[in-house]
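The next part holds the structures, each set out as structure tokens.
Presented sequentially are two complexes of chain A, the first with chain B as partner and the second with chain C.
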Partner chain A sequence: MSSKRHSILPAVSAGPKPPVHFSSSITIAESALLTGTNLITISSESVIHPRAKLDSLAGRITIGRRCVVHERTMIGAIGTSGKVTEQAVTLGDYATVEVAASIEAGNTIIGEGTTVGVGSKVGAGAVIGKHCTLTPHTEVPAGEVIPDFTVIYSNGMRRIDKRGVADLKNKGQARQIDVLRRMIPTNPAKFA
Partner chain B sequence: MSRRPPRGEYIETDTGNKVARKATLVGTQNIMLGGKTVIQPEVMIRGDLVRSIQSSSSSSSSGTPNNTAVAIGRYCFLSRASCLRPPGRFYKGAFTYMPLRMGDHVFVGPSSVIQAASIGSHVHIGARVVVGEFAIIKDYVRVLDETVIPPNMVIPSFSIVAGQPARVIGEVPEGGHEAFELRDLYKTVGNNPQPPAS
Partner chain C sequence: MAPLNPYTYIQCPCSDSASLGRPSDATSPTSADGDEEDNAFDPRAPRANFSLYPLEYLLYCEDCHQIRCPRCITEEIATYFCPSCLFEVPSSNLKSEGNRCTRSCFQCPICIGPLSVTSIEAPPSDPSLLVPDRAGTPHTTYSLICSYCSWSSTEIGIQFDKPNSIHAQLAKIRNGGASRLTAKERKERRKELSHRGGEAALAASSEAAAGQDMDLETQFANLKLFYNSQLADPNAGDNGFSSLGDLGFSSPSSLSRIMNLYTGGKLHDPRAKSKLGAMREAITADEGLLETDLDESSLITQLHQSDFLDTASSTQICSQPPNLGETYIYGAARFNSSLRPVPYLLRTKRSKRCPVCRHIISKPEAKVQTTRFRIRLVAGSYIPSITIRRLNLPGPNGPAAPAILGDLLEPLKPVHFVLTFKNPIFESLKVTLGAPAKTPGRFPSKVTVLCPQFDIDANTDVWDEALKENDRESSGRSRRRAGTESQFQVEVGKIWERGRNWVSIIVEVVPASLKLEPGRDVLKQDEDVLEIPMFVRIEWEAEGGGDDAASGTGRDKDQKEKKELAYWCVLGLGRIKQG
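Right, the complex of A and B next:
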């Protein structure tokens, strides 16, 4: 073990700096990690927490409006296939990706208002409908298509969310983002 | 201890906290450590998510705004890659985060994510556990590996919980309280660790 480094700064992470297209109203923490070679687009008012990792090596990453990407998430993970597609991951508006969730690259689509729970894994090419809820540690296999309003819980059980609270949830998300933007110091210039 | 380099893996504070240099503590000014707490590498604590609304009927009427986001007691042990973050919810029509409180002798297993409102003392949380927002875990609770505790669940004292979603599957047996003691575990990590007492 070489312990020559005495700097407290993190080591410069390997990997190319991706081209980015940010809306001016986004909140992105300085310690978020963006790597890859393809375009990363983040639309207005979305929040990227510290230490979230976005990797566009396998294609473009598009994040919709008012999304929240929590810490330690991995968006655009190159899965077992390692294929490069034009569009790696698309997050619809109001989507939430919670702590330590991982979304594989390969035309993966997360629908509007969907919550990907803590530590969940979404396989390459999976298409998740609108307003779905993936509870913690859910694993969605590659290529799976999940209809709108599905709740996946308890190791793969499914039901349909009939509460009809999608609009309320979206409003809540907007309020949450208002609070988060005051708390998370943003530095989009670092990634430009 | 005026030992110069080699610098250890941990930072040891005056109160006996051992914090790994590779841990990510965000918003350190809002994180309270009671002392003798071990924070292993890759642990993340979100101290920046502070309460944004001060409750008017708060118990502390001293007037000083309490900005603690995460409060941890003595002899807690946060294993590698665990994550503590304060829970958030709507309160009086506005969104706010609420403080996460943890008692003494709490063990948090590797890769667990804790978003509880409060965790009592002598609680053992296994590996890859998810504790949902505003869950309340009382004293002497054992949470087995890979449990998913749903939001707002209240777990009574002396329970053993497991499953996704979590259910109480048993009780901590009489005399099984010694196992929650973390003083010995505390001594086995740090810059000059002692071998575990067998």
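Right, the complex of A and C next:
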């Protein structure tokens, strides 16, 4: 039952299989979608959920240590510009990309410990600082530079997070990854 | 232009001046008067906006047999509760503690998200992140944290010692962490000092208090104390100007007169008759004098140093509750640092009553957690619902194009609409419709209701209907859509379609042309919408007796009693094509 396709739409062509560089300790679900022509690097202990899509057609994708990429995310989406750069998307360590968020390609950088909320959209070339929080459905325009510890909330309002809990959040992320590793069956060999 | 979905609005009779002050009951039908038939309801009249409601918004009084709209019901508050913790607040607490939750429910002053109490751990000394550090630090403090925008009460310098009773703790802390005395504590301290050292100590304490920032609560307490002492102490004695002084604002007699106005006591207080001397005003901070601080240079320098994100927006300031611990009444809360967590406003559950007969129309369950209603008499279960569908009859040259929802109406071309009346009650209804031949307004469209009088069968059990199906077909009473559409002809005086508890009829409309004199007139907003007023009168036979025992007609329980209800409604059919 589960192997059958229920959708009436034609199957999406998988595209070219990208070269990958995985750390041995990552967790990547079998149903994650990795396409493109450039190198996809995933560093140690990062977790890629099922049906997350990483597209390296517009450049390299680098995912740092202990990142969590949730379901139905689109990392490396070729935006309106369609430019191809050497480095498409860089996710710093401890970054989280939540469900259905989309990060466009083109030297886009997500800083360390930053959370990209549910359904958010990060434009091409945006540079998001460290330990930022993009609340759900935030849109960051292309080329925007966002300083460290910024919280973007309620349709683009901004403030600075002064709690100073970055270390605690990183610790929480480590614990969450511990759980996720047990929950998500990993199969990095499929992408190699 | 946005497409227009057909709609039905019902006019609540409360706005009708003819029915005002005349409670209608079943024995005297209100709508049969001759004068009412002359003036058709105009849906475009400015007043009509306030009396038209969708059926779902309306309630129904079973005793008056009248529609009740949100404007013509009286509301009673059943319970007060906090929307965050769902705690039911007794109404006696409301007077003493205000209309906000006094437990630990707070909203973020920045983004209105709910705040949660979180313990602040000391930063881990061990930099290795792999080892989960669960060892609790000896001095745990707590703060309120917004999980949405990451605001923390530490940003305004507020931390708590206990994770519970945050409201009480917050009342004692100023922004920045300095503690303040609550009114009760201050009173106790004052009493203590007066016991111990008398006047000298009191003076000393007031000196100290003046040095502090005087907040609203302190100022009010000081002023009250001062005026009470002034009223109690007739030291001024008699002088020649005492009669003149009586006229001023500061004289005790006029003061007590003003107080009487507000407290509603007797106009002439017995104390006022004994002439008191002129009162003086407060002259020190201890007596409640607050000097206006006109020097705003420190605020200006603070504004210079901060950026836009540090200042509070007007919505944030407006959502702030009145803070008794605030330093000044003016210049309050300009910066984010002066905002405070907002305790949740309490909400209410209300029961609704008919204003005429005082019967309860809607009553929610008293428990906060349940969303059910004990009594809810919605109009939808008493009066027939009207749904509108456009009918495209096949013309002589081939089949008609299917009607598209929100399609524009061609001017001066007859269109047919199917109105489906659905009977919600368990008695069969007799419906009489009336519509003016021309719609009111600048562009009168012609309206013909092809079947203005018909019966709708009762809303019986679905299975009864299924069992009776065969009888019904043979009796020939019902006319159902059968065969191809082309067999159907629009006939005057005939029901278009009939079902178990519904009847469809046809209304023919010839939309007006929206031709305007060029350069002189403009089409007003929504003037191209074709709205037809329609007078609906329903009659049914209800079980006698019960509530109508007083009228004497329903003495016999088995006797059927004739009931009727009449109201105006407005059918919005669509937009007329322009030009």
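Following the convention adopted for this analysis, the second predicted complex is superposed on the first by the 178 of 192 C-alpha atoms of A that agree within 3 Å, B and C clash if a C-alpha of one lies under 4 Å from a C-alpha of the other, contacts with A are read in each partner's own complex, and residues count from 1 in each chain.
FYI, contacts are C-beta pairs under 8 Å (C-beta built on N, C-alpha and C of every residue); 3 or more make two chains touch, one makes a residue touch a chain.
All values reported here derive from a predicted model rather than from experimental measurement.
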Query raised in the report: Can A:R175 be said to touch chain B (first), chain C (second), both, or neither?
Result: both
Query raised in the report: Now for A:A100: first (chain B), second (chain C), both, or neither, which partner does it touch?
Result: first
Query raised in the report: So, does A:T135 touch the first partner chain B, the second partner chain C, both, or neither?
Result: both
Requested in this report: Quick one: classify A:M183 as touching chain B (first), chain C (second), both or neither.
Outcome: first
Query raised in the report: When the two structures are overlaid on chain A, which partner does A:D167 contact: first (chain B), second (chain C), both, or neither?
Result: second
Query raised in the report: Should A:R159 be classified as contacting the first partner (chain B), the second (chain C), both, or neither?
Result: second
Query raised in the report: Where does A:E71 make contact in the superposed view: on chain B (first), on chain C (second), on both, or on neither?
Result: first
Report task. Give one of first, second, both or neither to describe whether A:V151 is in contact with chain B, with chain C, with both, or with none. Result -> second
Report summary line: Overlap of the chain B and chain C interfaces on chain A comprises residues 135, 153-154, 175
Query raised in the report: In their complex, what parts of chain B are in touch with chain A?
Result: 5-7, 21, 24, 26, 44, 46, 48-50, 52, 83, 85, 88, 90, 94-97, 111, 113, 128, 130, 132, 146, 148, 164-165
Report summary line: In the complex, the residues of chain A that touch chain C are 133, 135, 151, 153-154, 157-164, 167-168, 170-171, 174-175
Report summary line: Listed in rising order, chain A residues that touch chain B in their complex are 3, 6, 8, 31, 50-51, 71-72, 99-100, 117-119, 135-137, 153-155, 172, 175-176, 178-179, 182-184
Query raised in the report: Which residues of chain C touch chain A in their complex?
Result: 110-111, 121, 123-124, 129-130, 132-133, 145, 148-152, 154-155, 309, 336
